[in-house]
Amino acid sequence: MSTIVIGLSMGMLLFLLAAGLTLIFGMLRVINFAHGSLYMLGAYLAFQVVNITGSFWAGLIAAPIIAAIVGALMERIALRPVYNRDHVYQLLLTFGFILVIDEAVRIIWGLEYKQMYPPELFSGAIEMFGSSVPSYRLFIIGFGAAVSAGLFFMLDRSRYGMIIRAASGDPEMVRTLGINVSLVRTGVFSFGAGLAALGGAVAGPLFPIELGMGFNIIIDSFIVVIIGGLGNIRGAVLAALLIGMTRALGYSYAPSWVDFLTFILLIGTLILRPEGLFSRKGRTA
Amino acid sequence: MNILKSSVLTVACAAVLAITGGNYAHSEEADTFKIGAVLPFSGPYGIIGKGMKQGAQLAIDLRGGKVLGKPIEVTWEDSETKPQPAVQKATRLISGGAQMIFGAASSASTAALQGITEQRKVPLLITISADDKLTRANGYRYSFRTSNTLGMEIRMAMEFTKAAGLKKIYGVGADYAVTRDGWEAYKAAAEEAGIEIVGIDYPPLGNRDYSVIIDKIAKTDADGVVLIVTGSDGVTFLKQAGQAGLGKNKTLFGPVLQDEVLAAAVGPDAVGAASGVRYHYSLDNPANKAFVEAYRAKYNEWPDSFAGEAYDGMSWFLDAVDSTGSWDREKWVEAFEGSVRENSVEGRKEMRACDHQAMQVGLWGVVEKGEAPYPDLKMKITNIFQPEALFPACEE
Amino acid sequence: MNTAAENKSVLRCEDIEVSYGAFKAVTNVSYEFKPGLLYGLIGPNGAGKTTLMNALSGRAQLSNGRVFLNEQEITGQPPHARTWAGLGRSFQITQIFPEMTVFENLRLAAQAHRFRLQPFWRPVSKFKDIARDAERVLSEIGLEGFGHVSAGSLSHGDQRALEIGLALLSEPKVLLLDEPLAGVGHDVAEKAVELIRKVSEGRTVLLIEHNMDVVMEISDEIIVMLAGEILASGAAETIKRDPRVRTAYLGEEE
Amino acid sequence: MNAQRLMALVVAIIISVPLMFPDGQNVGLVNAILIWSIFAIGFDLVFGVAGMLSFGHAAFFGVGAYTLSLLTMRMGWDFIPALGAAGLVGGALALVFSYFAIRVSGLFFALLTLALSQLIYIMAGTKLRMLTGGVDGIAGVPRPDLFGIDFYNDSNYYFFLLTLFVLALLISGLIRISPLGQALKAIKSNEVRAEQIGFNVQRLQRSVFTISGIYAGVSGGLLASLIFYVGPQMLHWKTSGDVVIMVLLGGMGTLFGPILGVAIFEIMREWLSTQTSHWYGILGLIFIISTIAMPKGIAGMIIQLWNRIMPGSKP
Amino acid sequence: MSLLEMQNCDVFYGKAQALHDVSINVEEGEIISLIGRNGAGKSTLLKAIMGLNPIAAGKRIYDGQDATKVATEKLGRSGIAYVPEDRRIFATLDVDENLRIATVMGRNGAWNLDRVYDLFPRLKERMNSRGDTLSGGEQQMLAVGRGLLTNPKLLLLDEPTEGLAPLVVEDLINAMALINAEGVAILLVEQNLKVPLKLAKRQYMIDNGHIRWSGKTEELLAEREKIEGLISL
């Protein structure tokens, strides 16, 4: 039973890490390799804000906002000039940003590990099903569910989501309706960057905050995004939960095979259903 | 056709240019004593390079910046925590006349460096890499390690298990060869000592979520958990274990689990975790006191274990060089082999001739809260294990 | 033309259907193409003409039906295999290799036809027969002297000619031409029609063309498509008189 | 003289000038450039000529390195046959990859090759540790033992590597102008048309992917022998990323571009890392700027400049 | 003053010139049509008007202002609506969203969702269906409705009747007449004369990127044979 709770928390954390990546891909068809770096930046920013204000919640809010600004700058300065070139160039530009963001973090925060703690409210552990589950894990499940619900609402119900969905299919037609698509692009990239940083801020109390942290999660995020179907938020949630569960069960019974299992799942998906395990039929995304 | 013609042209040019150059040579006798330091200043171990540089630099400063009567010139190169750049840079340093190579941090890079230093017959000073294979009997003539081996640290963990009276042990090891070997050694010793092994898990190196394993361990009746993980893996485990309250009724310990740097990353949840310690500034001996004072005066911080070990190794090696009064590197090797350093910052050390590994005491400590001027979390040295218990005889 | 050859179809499709999602672009089309004839395929935009051509040449997946070339079933075979089997085609939207020279374009088609496994141990320029084939077609399509010009900078009309030339190099028995005159001006159109006439000698040609005068003039038989189906087929005069065709296609008032 | 030859000259100078300095300090760097160039030349056959972005070439590179190391160190093979085997194993793995990956195209191809190579990385790091030494890798990889020449001396090894480099360059040059190379260019330029004139696109893509795997395997083996070491980092996707950056920086699809890219990448990192500890970030900035400003890489820029200076001469 | 004037426009696709020295004008509230065979440059011209194809030489004057360099979205906001040949319905949006998206940045005016649903009751029935499930006729209505919801002064219609069943064509013709009656100018592009003869007062004949003939519909009827010959219809 507790394995399920843990699996859920792992899955929700994975979803938070990957949501921005899939959102950006869905709209811009850009695979943002710098996603991991933005996630790391988010963790450092959250650490910094917590250090100044003493409030976890302030960090959770401020980090995504600052990272979103960074994302907007990235999009405006670097990506915009290369949209009409081959996708390779966009992908490689984001590759370059890994180096730049990592360096910036190194200059600002140095090499020492930083740490963050769960907020007062979620700092203990709760006895559930005979295990003591850290309450911060429960917070992650709830928060992840809230974020995914928020994203669904935004994408499926709000006018912004409507524009984003339309513009990802046919940006030119959207422009004829008077909508500034390049602004939409900047907005989506910036929002995706903010989501990455949000993931970093949430992950802060669980992991050491260090320079390499972004490097590790980028592959995780790719796995979630690909299995869920590139650009598919609903798929990303399901994929993240699937992988979370797979891992939780894997750690229970065969820890040294966990990475292997996930990759088999990934490669199987790419070969058999490259559009993603959870993409709806007939969807042309 | 252009392409083929161009290729031929390239070859011709290259051949002509190459033949006109080609020979390189360097003089045995030098105006300066050149040290090539290949340390990680970037990459995952970037933080280690900084401490090592500061420690080694202090060792040089404290001897007036001279050896064999000639000024010492150190070139610091960034190994990026990767073997390829490490070797590339060491090659260049040796070609540039380096009399010795100092580095690297990760065992993989150091192992790669041994290829070139053995080949060029240049001494390699190792002060942090712990893989036992780096100093194997009759292995590398020009490599010397003045710091701990992982094997020694595993034995310390065993000694600690016994000393702390732990009866039931759960093991967690990062999934790679050295830890698996280490765990097997630990397990064999434990069974011999009548300690029960409850379980073992090998999560992958760089794992990010230990919650299932922590939950599994919590449900056992183990009274001790040996963590053969280090760096950010150890930090992640302790953070997540702290949130689940694992440390409340189980002793968490490991051969290289914690030091001040890692404890700072874990935060208060680190308190109580026990670990092997390579060097510690609190050691009570005159050599160490002098070193710590000089270090704090120069850098205004406490020396970490990387700095202490680097300082100790560099001083020892340069003393050995000085003692020969010669520029013959073979003589230095002979002088270093079997040399004894009574007054190292960690007490007595002896360089075994058989494998070029320094025999030394093993330090063991536990994380506790610190107060100014110490960091918030500091290691307290609780046990000092004697070399006899930690180093098997060389002819294994 | 002897009767035996006339009875044997060179290309045949049975009940073929192509659908995109719920939309059926081609339904229930069966037809037999006889050797040596020129077929004109007409119909309004969106009638499924190009889709039919894609289905024949292997670019579109069939959801139903079968295709035979020289009485050999080729259903499901990829385009390159059909090309080897003798089915060439040109495209409505010019498909050439724009950054290469005209000669290189043709040489590529020649080598594709010549080798099943492309050699990598000799420069392509050493294979004289390939160059000869390319030169031959270069003059056949009236582009002598343009061999060294990059294909992308050719005039539209010349690109259309090159398009046909590429298809010719596979020595096809059946040639599918998708609007070879699209966007070609009056002045050039005559030349192009001449080319079509020339390449149709000794071959079966299926030609999609909107220019009624041209189609009616050069086709041996006309096929009219509407909404994914074959509405009518027959000689030009019959088709011209067919009232259904006039309403559906020519936009005449009834 | 044309732009192509100008680049050839530049490459010749880069790979030979450091040798003229008597202390031979830079031989190691030049050796690394030669080896990475072999990798990049082979990679560009896939990336630049055939237009397929592979993010999985680290796998062939690393597997080649392991093959050479294991065959020489455990099986007692001679260096040259082991190097040949490294190439064959690299090529064989590439062939296997291609059967999976060529079913999809574009970004999916990139992601699938990335995933497959990460699988190899994980296997080498953990599951096959008896063979590979796990994350610690294998140290002490030998160099060739031929004609009594001491190849452990970098300057001597240079000539060995130069020979292989030239061979690799010639073969790649030949492939580019062979029917195969032309067919691949055609596929890159217009896949629909290439298929329609009778090219078996998938088969051609598989064959070039395999050839490029052989290049990667050989260069991986050589790098292991250059640094006396092989570890799983060579299999990591970062290695694939490095080679993509190098090729793109130099100019994809040209014979000399990849070599220029490798040389500039390696020299810059060697030089920058002695100048500042922030060299990684600066490299990133340079990379971003050059991606935006020089889409055709350094080679493209040289050709452009050349055409401006010498109008009328064809590149 | 004309609502829209394209003056001596050249447009290129890559290196190939698609339009040569094309000039047309649309007065406020009129229906004109542009006729030419496939590939003649009709769609290219519409796209150039909408700012989707860059104008290499020549001018776009809109509402009395030089709008040559104005971006597509600004043209969209200032009252030009584009209904493309392939309809370009947003496949992942449902019918209602496909319409509402046009109101986000569109002008205020007489057209709103209810009126569009009144005009095309069929759309109301299908308001919750995804765009990619619609029939051709429904797609066309939706595309027109979407264009209308930006409250345009000028509606660009690219072959609206193409591939539609005759009954649907009738519906559309009626709808266009109705829309025009509200003061919206319409530029109608067609391959054949059927619809233009019914609706438009003036005609332009385009062939091979050149305007070959222009004039009143009556003139066209009078000299039909000759004019059709001009453009090889």
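Chains: A, B, C, D and E, in written order; residue numbering restarts at 1 for each.
Everything that follows uses one rule, which is that contacts are C-beta pairs under 8 Å (C-beta built on N, C-alpha and C of every residue); 3 or more make two chains touch, one makes a residue touch a chain.
Keep in mind the model is a prediction, meaning the values are calculated, not measured.
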item	value
Number of hops, chain B to chain E, where each hop joins two touching chains	2
Interface ranked first by C-beta contact pairs	B-D
Chain A and chain D, separation of their C-alpha mean positions in angstrom	32
Distance from chain D to chain C - Cα centre to Cα centre, in angstrom	42
Two or more partner chains touched - positions in chain E	132
Junction residues of chain C, two or more chains touched	21, 98, 123, 125
Interface hub residues of chain D, defined as touching at least two other chains	122, 126, 174, 177, 280
Chain A residues touching chain E - in the complex, by the definition given at the top	159, 162-163, 165-166, 169-170, 172-181, 282-285
Chain A - residues contacting chain D, complex	29, 31, 33, 78, 81-82, 85, 87-89, 91-93, 95-100, 102-104, 106-107, 219, 222-223, 226, 230, 256, 259-260, 263-264, 266-267, 270-271, 274
In the complex, chain E residues that touch chain C	14-16, 37-40, 132-133, 136, 159, 162-163, 191-194, 208, 232
Sites on chain B touched by chain D in the complex	1-7, 9-18, 20-26, 41-42, 77-78, 80, 82-88, 91-92, 95-97, 107-108, 111-112, 114-116, 119, 131, 133, 175-178, 180, 204-205
Of all residues in chain D, those that touch chain A in their complex	53, 100, 103-104, 106-108, 110-112, 114-116, 118-119, 122-123, 126-127, 237, 241, 244-245, 248, 278, 280-285, 287-288, 291-292, 295
